[in-house]
Amino acid sequence: MSGHLIGTGLTKRYAGLVANDAVDIEVRPGEIVGLIGPNGAGKTTCFNCLTGAQKLTSGSITLDGKVITNLPASERAGMGMARTFQQAQLFKHLSVEENLLLGRHRHYGASALRAAIGLAGGAERKARDLVHSIAAQCGLTEVLVAPVGDLPFGTQRMVEVARAIVLEPTVLLVDEPGAGMDSTESAYFGALLARISRERDMSVLIIEHDVAMILSICDRIYVLNFGKLLAQGTPADIRANAEVRAAYFGSTVQEAAV
Amino acid sequence: MAPGVKNLKNAADRGVKLTGGPLMSGKRVEAGGVLILAIGLLVWPLVTPEVAHFYGSLSAIYALIGLSLVILVGWTGQISLGHAAFVGCGCYFGAKLLNNDVPLVLTVVLIGLIGAAISLILGIPSLRLRGVYFTIATLAFGAACQQYFFTRSEVRGIAADQVPRANLVGIQTTTDRGLYYAVLVVLAIALVLAYNTRRTDVGRVLFAIRDSEQAAAAMAIKIAPYKIGLFAASAALASIAGLFYGMLFQATPAPEQFSVLQSLFYLAMPVLGGAEALLGALVGGAFLAVGQPLVNLFDVRLFLMTSIALLLTLLSGFDGVTGALKAGRKAIADAVRGEPVRYGSFVPHEEHDHSPPRVHATVGESPPPVGSVVRVRIVPGVRP
Amino acid sequence: MTMTDPVSAAVAAVTAAKPILATRAMDVGYGNVLAVRRLTLQVNPGEIVALLGPNGAGKTSSLRGITGLVRPQAGTVSVNGVRIDSRGPAVAVQAGLAHVPEGRRVFPEMSVTDNLRLGAWSARRKQKLVDSRLADAYALFPRLAERRGQLAGSMSGGEQQMLAIARALMSEPKLLLIDELSLGLSPLVVDEILARLLELNKEGLSILLIEQFVHRAMEVSDRVYVLKKGHVAFSGTPAAAIRIGAVEEAYHL
Amino acid sequence: MERFFGYLVTGLANGAIFALVALGVVVIYRVSRVINLAQGAIGVFSAFVFHYTLMGDLGMPVAVATAGAILTGAVLGAGVEKFVVRPVQTRGALATLTATTGVLLLLTELTVQLWGPDNPVIASVFPDTLVRIGNTGVTVHQIGTAGIVIVLAGGLYWMLAKTWVGVGITAIAQDPGAARIVGLPVRSIVTLTWAIGGASAAVAGLMYIHLNSLDQISLTFVLISSLVAAALGGFNSLPLAGAGGVAVGLIFSFGQGYQPVAGIGQLLVFIALLGVLLVRSNKPQLDVVSEF
C-alpha cells in the first residue's frame, strides 16, 4: 500500500511570524487524517508546504519513503499527491467534464503530436470512461456539460474534489471542502470521501471547520494552535481533550460550563 | 439541527437539472454549419471576378495569422505584440527558399520550423517568468526585427526580392484563385490540427494554465514547456502566413509591412472574431482583409476603423463575433425553454429532508420581515 | 417575571433610543452564492456586541456588507438612522464606522505614521486635527509610538493589530468593527489590546467584534449574535447563550 | 573623446525622456495593475495638439500652449482610465492590455487623420542655442530636457512621499482592498493617477519631438524603450524604472553612434532585455502571508 506521507519538523517563518513551528505530521496508507485548529493556527500553511505551493523554512517531507522536500508542486502531483484549494481553483473556461479530464493528464498516454493529428481517440475514450464513472460516484453526472462558473458553490467544491480523485492519487489533501456547502451537503460529502478513500485505498488529509464531520470520518486528528501541534489522537481523544476546547473557545472547559 | 430550514431556502436551486432542448444538442447543428461554411469557401471563387480572389487570398492569409494569435491569446492568455515580425521572417526567408527552387511543400515545413526556432529565443527567457515580461519581450523583438534585421539587404534583398509562385502539390498558384486554394489547404490543415489539440489533453492543459497556474501544477502539469511550445506553434503558423503573403505580392514588401504597429493591428483579429473559438480567426481575418477595399471606398484609414471596432468589441463584453453568436444562441435556447438552465446540488434528491422548520415561538414588537424565520429557544427560569 | 435573557435583551434593543448601527434583512453574497441571509442586527450606543459562529457562518461577510465593501444584495444598513447601504466604504467611514479587517491589512511598506495618517483621510485638510489624533493614537498604544518610523510589514502580529486598530480610530469613529481580533496572536497580547478597547468603550465607543475565542468575546460583550450558515441562530446576552449552549451547538463541539 | 561626450549627452537627454514615460507606466501599473501601452501615443497626441492647435490655430504663446498640452495629456490619461480601462477591467489583464492597444492605434491614427503624416518641427520652451563645451556642444533644449525630467522625477517622489494624494496612491499600490476599508476614495485616486501619467507623457512627448523627428516608428520606439525600462525595474520600482530609462537611452545613443547601422539601437535594447529576463527569477507564487 502506498500513500504514506510524513512531515517532520515542518517550520515556516514569515517576516517576524512563525506560521508553523516544528510540526510533525503523518498520514499512513489508507488513513483519513483530520487537521483542525482555530483560524490562524497555521493549517493552510502546513498544507501548502506539504503540497509544494510554499517553501519550508526547515523540516523534511517524505512520500512513500522518498524525500520530496524540495520538489515543485507539479512533480509531487506526478508522484500521486493530489490536493484541493481553500478557495476552489477551477478552470473556469472549461466544462465540468473538461475539468475532470485534466486530472487524467498524468495518465493520458498520447503525445501532443498524436493528439493533434487525431490519433488520441483511444486515450481520450479511456480518460472519459474513468471520468464518467468518478463523476457518477460524486453525483456530478448531470452537470458534466455545465460551465463550472454556473454551478452552485457546494457543487463547485465537489467538482474540485472529483478532479483530484481522477488523478488517482495515493494521498489526497483536502483544504476546507465544507466551506460553501450546506450541512446536508457537507455530511454527504464526508461520507462520500470516506467511502472513496476505502474503495481506492487512498489516504486523506483533510482540513475542515465542520468539526462534526471531521469527528465522524477521521481515523486520527491533529490539532494545531499558534503553529504548534496542540494535540493528536482518535476522534474520541480529541473530543475529550480540554485543551482543544480551550483552543476553540479561549478558556477552559470549567469556565465554559459556568 | 434541522436541515429543513436550509432545504426550504434552497429548494428552488435544487433538483433542477440540465435538460438539453433541441437547440442545445448543438453537435449536429455545428457540424452542419462547418460543412456549409467549407463548401462556401470552396465554391465562391468559381463564381466571382478575378479581383475578389486577391482579397480572398489575403483573407485566408490573415486568417492564418489570426489563428496563430487565437491559439496564443485565447488558449494561453499570452499577448504577443511582435507577431508581424514572424510574418516578416516567414516572408523574407520563404522568398530565399523559393528562389533557390525548394519545393513549396518543403518550404512551408521549413519556414514553420524556422519561425518556431526563432520564437524560442525570446520565448524561453520570458515565458518562464510570470506576468507581462513576455509581452514586452515580443514588443522589443518586433522593433529589433523591423529596424535591424529586416532592413539588412541580406534579408530583404537590395530593393525587393521577387517571390516566385511555386505549385503546392499540383495546385497552380500563378493565379490569385489558385493561391487562394493553396492557402485554404494549409489553413484547413492548421484548423484541423488546432481543433484536435483543443479537444484533447494539450488544449485542456493550456486553458488550465491560463485559468490557474497553481491548480494546474496540482494536476501534475509542468507549466513552462506548454507555454513555450504553444508560442512556437503560433510563431510557426504566423511565419507560414508570411510566406504566402510574399507570394501574394510576388515581391518582398518593405519592413514597414511588418512593423510593431502592424502587430498591434493583427491583434484586432482574435479580439474582433473571438479568441476562444477557432472560427474567430476566420471571422477576424475576413474582417481585416475585406475591410481593406471597403475603407478605400469610403476614404477612411483601415487602422482607424479597426481600432474603433476593437474598442467597441472590448466594451461590449462579448468575446468577439463568435462569442456574441454563442451568447445569442444560449439566449434563444433559454427563451424557448422559458427559463435559464440551472444546475442543482450533487447530493441525491432522496436524501433531502423537506419537512418544514420547527418554529417554537416568535417574539418581538414589530412583525419580523416577511419570509424570515426566527428561531428562539425558550429556556425556563426566573430572573432574580 | 419569567422573561428570559434573550427576550429581555431583544426588548431592550427595540426600546433603546436609537441604535448606532442597524441592518434590516441584509443579504450579502458573491456571485450566485449568498453568504449572509436576511441579517437583522443592531448595535446601540456604548455597547460591545460580539458576532460569533464557526468559520463560513458569514461573520466576515456581514461586516463587509455593513461597511459596503461588498454591496448588499438586499436589505438596508443604517447608521444613526441614515441609510448607507450600497454607497461604498468611504461613506461608511464618514458616517462613523471604522473597520479593522481580518488579517490586519496594514500597508506593509509604509511607516507606522503614514499608515495612521491614512486613517484620517476625511480630515486631511485639517492638519492640526490629524496631528492631535495622531498624538492620541500614540498615547493609547505607546508601543506604536516607539516604532513610528518603522515599516508596518516588519512589525510583529500584535503590533500590526494595534496599528490596524489605531488606524481605524484615526477617523474618530462612533462604532468600531473588528474582525478576528486575536487571529494568530498570543493571549497576552490579546489581553493588552482588549484592555485598551475596554477603555475606549468606557469613553463611549461602540464596538462590533468578531472573535474566534468565544469565551473571551463573551466576557467583554454586552450582547452576542451567533451566526450559523449565514443566518442568526441566536441573539441575546452572553449568559443566556452559555446557559442554552447556543454557541457550542453552532460549533458542533 | 568628443564623440563620446556627444553621444553621452544625446543618450542622457533621450534616456531622461524614456525614464519619464517609464515612470508614468510604473505609477499607473502600481495602482491599476495595467500596462498602459497608450502612454507614448498620449504623449505624441498632446505634442501635436500643442503644435497644430494651440500654437498654430490658436496662436498661444509657447508657455501657455505647453500648459495646455500637459492638460490635454492629463485629460486623455484620465479618460482612458474611466471610459476604456475600467469598464473592461473585470474581464482580466488580457482585455485591459488589448484595450490600451486599441487606444494606442486610435490615437496614432487620429494624429494622422487630423494633421497628416508630416513630421513637424515642434517648438520648444527652450531655445536651441548651442552651449559649447570643449569641442562639442550641448543645446539648451537638451539641458532643459534633462533638467525638467530631474525636477519632475523629484516632484513625483516628493508627491508620493509627502502629500495626502501621494500617500494614498502608495497605499492603493500596496493593498487596494485595505485602502477601500480605510475609506480612501480609491476610484478617484486611480483616475487621478492616470491623469498624472498622461500629463507626464505629454511632457515627454513635447521634449522628444523637438529632439527627434516624429513618425510612427519613433513613436513605437519611445513606447518600447520606456516599457523595457519599466520591465528592468520589475514594474514596481520607480527608481529602477528611471535608471532603466536612462540606460536604454545610453545604449541606443552609443550603439547608434559607434556602429552607425540602421536599427542597431533596437537590437541592443532587445538583447539587453533578454539578458535581464534571463537573470530575473520568478518569485515563488504563494509566498505571501496567506493565513497570518
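Going by the order they are written in, the chains are A, B, C and D; count residues from 1 in each one.
To be clear about the criterion, a residue touches a chain if its C-beta (ideal position, glycine included) is under 8 Å from a C-beta of that chain, and two chains touch if they have at least 3 such contacts.
Because the structure is a prediction, the values reported are computed rather than measured.
Colleague: Going by the contact rule set out at the top, which chains touch both chain B and chain C?
Modeller: A, D
Colleague: State the chain with the largest centre-to-centre distance from chain A, centres being mean CA positions.
Modeller: Comparing chain centres, D lies farthest from chain A.
Colleague: Which chain wins if you rank chains by how close their C-alpha centre is to the centre of all protein C-alpha atoms?
Modeller: If one averages C-alpha positions chain by chain, the most central is B.
Colleague: Comparing C-D against B-D, which pair counts more contacting C-beta pairs?
Modeller: B-D
Colleague: Chain A to chain C: how many Å between their CA centres?
Modeller: 33
Colleague: Where the centres are mean C-alpha positions, what is the separation of chain C from chain D, in Å?
Modeller: Inter-chain centre distance comes to 43 Å.
Colleague: When the C-alpha atoms of chain A and chain B are each averaged to a single point, how far apart are the two points in Å?
Modeller: Once rounded, the distance between the two centres reads 34 Å.
Colleague: Considering chain B alone, which of its residues make contact with at least two other chains?
Modeller: Within chain B, the residues that touch at least two other chains are 1, 6, 214.
Colleague: Would you pick out the residues of chain D that each touch at least 2 other chains?
Modeller: Where chain D meets two or more other chains at a single residue, that happens at 285-286, 289, 291-292.
Colleague: Find every residue in chain C that makes contact with two or more other chains and list them.
Modeller: 157, 183-184, 229
Colleague: Can you tell me which positions in chain A touch chain B when the two form their complex?
Modeller: Checking each residue of chain A against chain B gives 51-53, 72-75, 77-78, 82-83, 85, 89-94, 98, 101-106, 108, 110, 112, 115-118, 120, 123-124, 127, 138-140, 142-143, 145-146, 150-152, 154-155, 158, 163-164, 167, 182-185, 188.
Colleague: Sort out for me which residues of chain C touch chain A in the complex.
Modeller: Residues 32-33, 54-56, 153-157, 180, 182-184, 186-187, 211-217, 229, 242, 247-248, 251-253 of chain C touch chain A in their complex.
Colleague: Under the touch definition given earlier, write down the residues of chain D that touch chain B in their complex.
Modeller: 35, 37, 84, 87-88, 91-95, 97-99, 101-106, 108-110, 112-113, 216-217, 220-221, 223-224, 227-228, 231, 235, 261-267, 269-270, 273-274, 277-278, 280, 282, 285-286
Colleague: Could you please specify the touching residues of chain A with respect to chain C in the complex?
Modeller: Chain A residues touching chain C: 15-17, 38-41, 150, 152-153, 176, 178-180, 182-183, 209-212, 215, 226, 245, 248-251, 255-256, 258.
Colleague: Quick check on the complex: what are the chain D residues that touch chain C?
Modeller: 164, 167-168, 170-171, 174-175, 177-185, 289, 291-292
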